[in-house]
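Dropping the structure in here first, questions after.
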Amino acid sequence: MSVSEFFNMGGYAVFVWSSFGLTFVVLLLNWWLPFRQHKQYLAKLKRQEMIKSREEKQSHDASS
Amino acid sequence: MFKWFVTWFHRFGSPPHFYRLAGRWLPWLTTLFVVTVIAGLYGGLVLAPADYQQGESFRIIYVHVPAAWMSMFIYVVMAFCGIVILVWRMKMAEIVLSCSAPIGASFTFLALVTGSLWGKPMWGTYWVWDARLTSELILLFLYLGVIGLYGAIDDKRVAARAVAILSIVGVVNIPIIHFSVEWWNSLHQGPTVTKFDKPSIDIRMLIPLLLMALAFQIYYVIALFQAARAAILQRERNSRWVEELVKP
Amino acid sequence: MTALLETRELTCVKDDRMLFEGLNLALKPGQILLVEGRNGSGKTSLLRILTGLNLPESGEVLWQGKSISDVGADFYEQVNYIGHHDGIKRDLTCLENLRLVQAMGKPLPISLDDALEQVNLLRFGDNFVATLSAGQKRRLALARLVVTEASLWIMDEPFTSLDKASMVLFQRMFEQHLAAGGIIVMTSHHDIEMPDSDVQRLDLSA
Amino acid sequence: MKRLSLSQAFWFLLRRDLLLAMRNRAELANPLLFFVMVITLFPLAVGADPNLLSRIAAGIIWVAALLASMLSLDSIFRSDFEDGTLEQLLLSAHPLPVLVLAKVSAHWLVSGLPLLLIAPLLAMMLGLDSDAYGVLLLTILLGTPVLSLIGSIGVALTIGLPKGGIILSLLVLPLYVPVLIFAASAIEVVSSGLPATAQLSMMLAFLFLALSLSPVATAAALKMSMS
């Protein structure tokens, strides 16, 4: 079987490849969106924590 | 054995443990997924022979059928979590239930779209009111109901209990709906639909199908872990262990 | 005498905010608990947890030493709850409303007319609730307390929209209930005086 | 000491809800008017061809009945939720599913039963086969209580939500599918001269299943919604 035959899928290329392509896209999105959400959330929490610790340090310096 | 299961259950039931374990397992699961999916795709797209009736178009089966299986499997998982939520009020079950719904809905969506893409060459039209497609469509509505209800209630613990009840009601109804639709279809169906029902399947076609099904299962676990980690972090943002985690 | 109503390590979380934590209470027959605290400190949540309407984040409520979720009907037979809403239907008459209260499976000590008389609403028995004033409605809601014989009264701001005379009337009713061995848990913005009773105070703001 | 039994409580609650419905007659008529209007719209939309109409009459009547019953669902618990009576029901010493059943029965009597009474008239207007009248009424008699019972779960889940109405249809309509399929099919086979015993016995089975399971689910959902 040649490569072009493989991609042609016996004339059903549109249906076969769009099915596989769409599946791939949906699965990727479903993985990537929570991944990004998790990363963003972690970064946000880290930033909040950093701000908090700096403020604490400042008030500590001011009082001493 | 039972004791081992109970300790395991408890460890998975605590959000910080789950968070850490999921984080540790994710790279391994991803590797496993990539290996299985490549093997399944190679077997399905290259090694398996073309179908004697449907030609190459039957290869859509390798995404359509596993997606349809997953769409039902995930709903059952959700109903099981629902029981755990109502009986033991376990936080992790709430997170698993709410994170599973979008994944299940996307598998249902995929099963529908690939089914209709398969239907075009087979039936000559993208949509027929075939029993399987129709019940899959209703299943999609059930998923959207769960997602909608969970999103509409602000207090997420209350929301989790609401969708727990809803998914248990849904899982009782799914067999009835499925049966009704099958029955309805047997009265109205056209002759072409039976093309799908084949007495047996070539082993070279079957193995890739099972591999793809396994790959989709692993994918579900990966996507669930990923979403659960985000949800845990959001829910437990005020707790001690999250504070430790984000300390600079 | 042993405590009738107890809480063990009650914790309540609402919208990520810890309202109270590790709350232990014990109430004996004849005792009244006044729950105090500023708005949003969890008074209503506590009362609803005590009735079993809300679930605590952790901990449990005990009735005669058993968790209320296990006791079920025997507990609900003994509870009267008056919340923010009167729980009274506008399109029914006073008598019809009280009959419904009695239908809810709690023991019935007195006739409905006697109950209406106790809250000074005897003349209004056949009037629709929609025609009553806010204070009269509240009195009708409080009449629920006497048409059934429950030993635990849980009340959220019972004196809202009541005039001075009615408040005195109900304070006397509460005292009688306590003297008969009942228990009261309530919140109130009004100062109430019950010199002869065993009063406990709980401040949730602290 | 004297106390009212469970069956007395059931009848009392049923009577009270009927009484309340009678005192709000305007609301009572709404689902019925909706039912009639939707059915009037169909000939306007698909054309007045008597053959076509008589062929799809069963489907039209059932889809309209389904929508009308869904529209009226909210009233099962709405006013009780708003004035705090629902809270008192939850604190009753009687088992909540039984009280729920009383309320749903009352709801069916005021929303399902009128559909049953007006359906023959509409069937006549749509030109439904006259042999199918009996079975049409039977399907409505067996089917609409199932709709009310299933619907009560959905209402109980969404009662506390500010925009519960839209989501309610999403929750409830998929669950209505089996009733719709069997009811429409029963009428169809009878019109073509075959007996509909199988369809009707399935609907009876659905009714018993819904009677036994849905009050429990509704009670659980109400407890969730009130917390």
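For clarity, chains are labelled A, B, C and D in written order, and residue numbers in each chain start from 1.
As a convention for this text, contacts are C-beta pairs under 8 Å (C-beta built on N, C-alpha and C of every residue); 3 or more make two chains touch, one makes a residue touch a chain.
These numbers were taken from a predicted model, which means no experiment stands behind them.
The chains in contact with chain A as well as with chain D are B. Of all chains, C has its CA centroid at the greatest distance from the CA centroid of chain B. Spacing of chain A relative to chain B, judged by their CA centroids, is 20 angstrom. Our note on geometry: chain C versus chain D, Cα centroid distance of 36 Å, whole angstroms. The geometric centre of chain B is 32 Å away from that of chain D, both derived from CA atoms.
Measuring from the averaged C-alpha position of chain B to that of chain C gives a distance of 48 Å.
Listed for chain B are residues 237, each touching two or more other chains.
Residue numbers of chain D whose C-beta contacts span two or more other chains: 227. Annotation for chain A: no residues touch two or more other chains. Residues 1-4, 6, 8-9, 12-13, 16, 19-20, 23-24, 79, 82-85, 87-95, 223, 226-227 of chain D are the ones that touch chain C when the two sit in their complex. On chain B, the positions that touch chain D within their shared complex are 86, 138, 141-142, 144-145, 148-149, 152-153, 158, 161-162, 165-166, 168-170, 172-173, 176-177, 179-181, 183-184, 187.
The touching residues of chain D, when paired with chain B in their complex, are 153, 157-158, 160-161, 163-164, 167, 170-171, 173-175, 177-178, 181-182, 185, 206, 209, 213, 217, 220-221, 224-225, 227. Chain contact summary for the complex, chain C toward chain D: residues 48, 51-55, 73-74, 76-77, 79, 81, 83-92, 96, 99-109, 149.
By the touch criterion given at the top, residues 41, 45-46, 50, 55-57, 59-60, 62-64, 67, 99, 102-103, 106, 109-110, 113-114, 117-118, 120-121, 219, 222-223, 226-227, 229-230, 233-234, 237, 242-243, 245-248 of chain B touch chain A in their complex.
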